[in-house]
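One chain, chain A, links the two complexes that follow: it is found with chain B in the first and with chain C in the second.
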Partner chain A sequence: MKIRGRVWKYGDDVNTDVIFAGKYTYTIKDRAEMAKYALEDLDPEFTRSAHAGDIIVAGKNWGCGSSREQAAICLKERGIGAIIARSFARIHYRNCLNEGLPIIISSEIQDLVKAGDEVEVDFDRGEIIVGDRTIKFPPYPEFVQGLVNDGGLIPHVKKALGLV
Partner chain B sequence: MGRTFAEKALGRAAGHPVSANEVVTVEPDFCMSHDNTGPISRTFNKIGVKKVWKPERIVVILDHGVPAPSSDHAVNHKEAREFMHNQRAPHFYDVASSGGVCHQKFCEEGFALPGQIVIGSDSHTCTYGAFGTFATGIGRTEMAAAWATGAIWFKVPESFRIDVTGRFNENVTAKDFILKVMGDVKSDGADYMSVEFHGDGISGMSIAERMTLCNLGIEMGAKNAVCEPDQRVLDFIKGREKSNDWEILWADSDAVYARELSYDLSSIVPGVAKPHTVDNYALVESERGVHIDQAFIGTCTNGRLEDLHAAAGILKGHKVAVRTIVIPASWEVYRAALHDGTLETLIDAGCIICNSGCGPCLGAHMGTLAPGETCISTANRNFKGRMGDKESFIYLASPLTVAASALKGEISDPREALKG
Partner chain C sequence: MGKTMIMKIMERASGKEVKVGDRVWCNIDWSTARDFGGANCALQFDEITNNEGRVWDPDRIAFTFDLQAPSHSEKVSNNQKIIREFARRQGITHVFDINHGIGQHVLLEHGLVKPGDVILGTDSHMNLLGGVAAFATGVGNTDIAASWLNGTNWFRVPETMKIEVRGEFQRGVSMRDFLTMLVGDLGAGGMDFLAVEFTGESIERASLSERITLCSMVTEMSGKIGLILPNGPVLEWLANRAGPEVYARVSAIAPDGDAPYIDVRRYDVSALEPMASCPDAPDNVRPVREIAGTSVDQVHIGSCTNGRYEDISAAFEVLKLSGFKISPNVRTIITPATREVMLQAAREGMIEKFLEAGVVFTNPTCALCTAEHYGALPSGDIGCSTTNRNFIGKVGKGSHTYLMSPMSAMATAVRGVITDPRDILCQGGN
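The block that comes next holds the complex of A and B.
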């Protein structure tokens, strides 16, 4: 799989409260509706104008804080193609994979791109292409790859239980 | 080579010895969820399994918006209620005087037991490490899958050892200590790790204090946080335990750690976390005089009886200068504080007492903030917009510091309030 998209660039320790505010966690139930509030308290510009296929590039510890899954769902529903960060907070890391939202750990891209740049990600080759630079990223652990191949946790569980 | 707590607990659950970085699949002893049980049950239904794997292992405690502040919240509660009824799952804590904040209630009811594996669809599930439990937060979809399969995967975490010696000086608390640790370790300093608190400084702490420490494990990125279970834990769980299949487990003295730190509690002084991150540590004395509009005492971090006693000790015979919201962490705490006169002392001082639940901690209701307002809170998160408007400000502190600050309407040092 290959994607190409425009970069939204953020710093370190972006928490799940600013990705999807706590006040909405029990009032917004529709997945598509969640997408409208993505990153509202961090970057109103993203909330207004992020497009399907866009790529988030962030610093360390993306998604720290609450276990709220809407922080992954709102980005998935917004059509975000991938999140590339130096590191991810662990619950959010699992939530993204469970949702089938591709996440990539890389510490090289941050210094090479600015907001609005176009980058390409080739998941099969494990490569991020920025202009004439190619950055390699490591494959998922075997167990996680199985989850990703099945399209997220629920399809993975259904398959394991023989329900598909 | 010795084993860490996480290696022992996950090894016990896996049925064979395990080491850090191995991936294991284990059966959880208990699964905790709260108001998000509604959405979890919808996802569960999509899987296509009719019954949860073991109904007696599902624990549901409504707390995030109780009583329901909106019909949307009420729908979640209704779904949770119907799901637990249909599954004939016995451990349901509804909006009633048997309830409270999920993490407090879970422990009071004897679900947090040494050596067991608990998963919760809430990040502060790590609180149960105060009882020697391996407890960690997960997302909603993952909980739905665990209900269906009775299985969850973990990478066995590397461990982070924090040695703690000595005793607190007067008017310094476990919250001041853990905020200092947060300032040192930072919000990703324990990412994916199991944080172990060791030493006589921990064995000298009450269960409530240990819960405060473990509660903030997630704020440094940890998978779980844990204190060595001792006689205090055994005394607490006696007569409450909801399972017999538990075992005292602790790290070997020659276990291998990815990171180590040590602290002497006598060197800790009152501290705060400034807006908008939990690791933005500062001494109370350097923040003294910062104007506040609201004070909040409660939550799974600091809403226990001894926290209310600490606040009442400062507020007794005085009047608060700003609106001060007190929320006991459970109805067991509420009832005890009612009986021993603590609530009356707080009401006399001008505080309002709300029913047990998460309250304004996550900005749902009962004390949300207006633009430009500042709250000093005993909770565990001060992220931007957490308690309401994104242009509001949250300082985190101990119940003593929050109470002292409420009296003056500005951040104040509890050591001075108690002198006066």
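The block that comes next holds the complex of A and C.
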């Protein structure tokens, strides 16, 4: 699978409160509705104009803080093609996996792109293409890839239980 | 090579030998959800089982109503009703409704948590239960719903960092100040994906309340779990609540002498002073005396990090030495962690004194952890709080919050500006 999208660029330690504000978590149940508020307290421009296929490039510890899955759902529903970060906070990492939102660990791309640049990600080859540069990124760990191949955690558990 | 505490916990839970970096399926002792997120878990479970599924074990699931208790709106009430109905339908009896308090604390007080347990919850501060050596972790609703199918979930066996703490706190300084210093030292991602064992004489002496404070803030360094092996009075307390089995559990998970640690850090708290997390991040740390004099609009004492009896009692001492008077220019709110904590404060006569001083003393809840319950800050206001996060906009768009210990927070409430509690405690009053 290949995606091509415009870069939204952020720094270190972006927390889930600014990805999806706590005040909405109780009252917004509809997934598509959640997408309208994505990154509201971090970058109102993103909230207004992010497109499906866009790519988030961030620093260390993306998604720290609250365990709310809405922080992954709102980006997934917004159509974000991938999040590329130097590292991810662990609860959000699980939530992104569980929502089928591709996450890529890379520390090279941050210095090569600025907001608005177009980049391409080739998931099969494990490559990010920025202009004439190609950056390799590691595949998911084998265990995690197994969950992804089964369609995610819930289909995997159901399969193990013989429910599907 | 020996094994760390988290390795032993995961071996018990997975039934097999583990090494660092393995990903293993663990049996879950408790899979819990609170009012914040619980309805989504219930709805998702029904969806993935076509409304016909039965949870794997209704006696291993608990619901806690703590974030918006009592409900403040019809929408929230409807959300909470989804949880109650699901519990009834599934035969789940561990439902701690709006009159109980903060979930992890309630589970602990009810004797439901044992050292070595693996516990899931929809709260990123579940890991405060590491204060009694349980591996508890916050997860999203999918992880919870999946665990309800068969009582398992997967984890990576993490590397372990060891933090040794020695020395005694000076008057006016507390475990929260050590934590704040630590968050500043290691940074928001300083423990990402790691387990942490806290040891050393200061930890061995620490009360349950201090251990909870310590382990809850591991989340603010993105740690997986902070673990403290129960000993002394904490172990006795735990055995009284959770049964004598806890002694064997503690022996079974004690780390080996040659366990592998990727990092060992040593701290001495004897010269530590009151510390604060400044706007807008927990790791933006400065000594309280450097920001003293900053005006604040609201002070809040409570939360899963600092809402226990000892925390309220520490604040009470500061208030007492100030002639039971707070600044009329500051809105001061105290929220106990649980009903048990509130009852203890009531029996000690503290609540009456707080109320007379003009404090708003609320029922037990998570209080100001989101902008959606009481105490939200309007734009431009400055808050001072013992909660664990001061991310921008968290308790109100355009507001900013300083995080500090209960003693510092109460000293600030007394004077109306950020105040080093030693100014009151060490000089005999206000």
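Please note the rule applied: the second predicted complex is superposed on the first by the 164 of 164 C-alpha atoms of A that agree within 3 Å, B and C clash if a C-alpha of one lies under 4 Å from a C-alpha of the other, contacts with A are read in each partner's own complex, and residues count from 1 in each chain.
Please note the rule applied: a contact is a pair of C-beta atoms (placed from the backbone, for glycine too) under 8 Å apart; a residue touches a chain by one contact, two chains touch by 3 or more.
Model, not experiment: these values are computed from the prediction.
Engineer: Mind checking chain B and chain C on superposed chain A, clash or fit?
Structural biologist: On the superposed model, which is not a single observed complex, chain B and chain C clash.
Engineer: So, does A:V18 touch the first partner chain B, the second partner chain C, both, or neither?
Structural biologist: In the superposition, A:V18 touches chain B and chain C alike.
Engineer: By the touch definition at the top of the document, which applies to A:T47: first (chain B), second (chain C), both, or neither?
Structural biologist: Neither: A:T47 stays clear of chain B and chain C.
Engineer: Figure out whether A:L153 sits in contact with chain B (first) or chain C (second), or with both, or with neither.
Structural biologist: So A:L153 meets both chain B and chain C here.
Engineer: Identify the partner contact of A:S107: answer first if only chain B is touched, second if only chain C is, both if each is, neither if none is.
Structural biologist: A:S107 sits against neither chain B nor chain C.
Engineer: Between chain B and chain C, which residues of chain A are contacted by each of them?
Structural biologist: 12-13, 15, 17-18, 21-23, 25-27, 29, 41, 60-61, 64-69, 72, 87, 89-91, 94-95, 98-99, 141, 143, 152-154, 157-158, 160-161, 163
Engineer: Across the complex, what residues on chain B touch chain A?
Structural biologist: 23, 35-36, 39, 43, 46-49, 64-65, 70, 72-73, 76, 121-123, 137-142, 144-145, 148-149, 153, 155, 187-188, 191-192, 218-219, 221, 223, 277, 362-364, 368, 381, 383-386, 388, 390
Engineer: Please name which positions on chain A make contact with chain C in the complex.
Structural biologist: Contacts found on chain A: 12-13, 15, 17-18, 21-23, 25-27, 29, 41, 60-61, 64-69, 72, 87, 89-91, 94-95, 98-99, 141, 143-144, 147, 152-154, 157-158, 160-161, 163.
Engineer: Where on chain C does chain A make contact in their complex?
Structural biologist: Within the complex, chain C contacts chain A at residues 23, 36-37, 40, 43, 48, 68, 73, 75-76, 79, 122-124, 137-143, 145-146, 149-150, 152-154, 187-189, 192-193, 219, 222, 224, 281, 283, 369-372, 389, 391-394, 397.
Engineer: For the complex, give me every residue of chain A touching chain B.
Structural biologist: 12-13, 15, 17-18, 21-23, 25-27, 29, 40-42, 60-61, 64-69, 72, 87, 89-91, 94-95, 98-99, 141, 143, 152-154, 157-158, 160-161, 163
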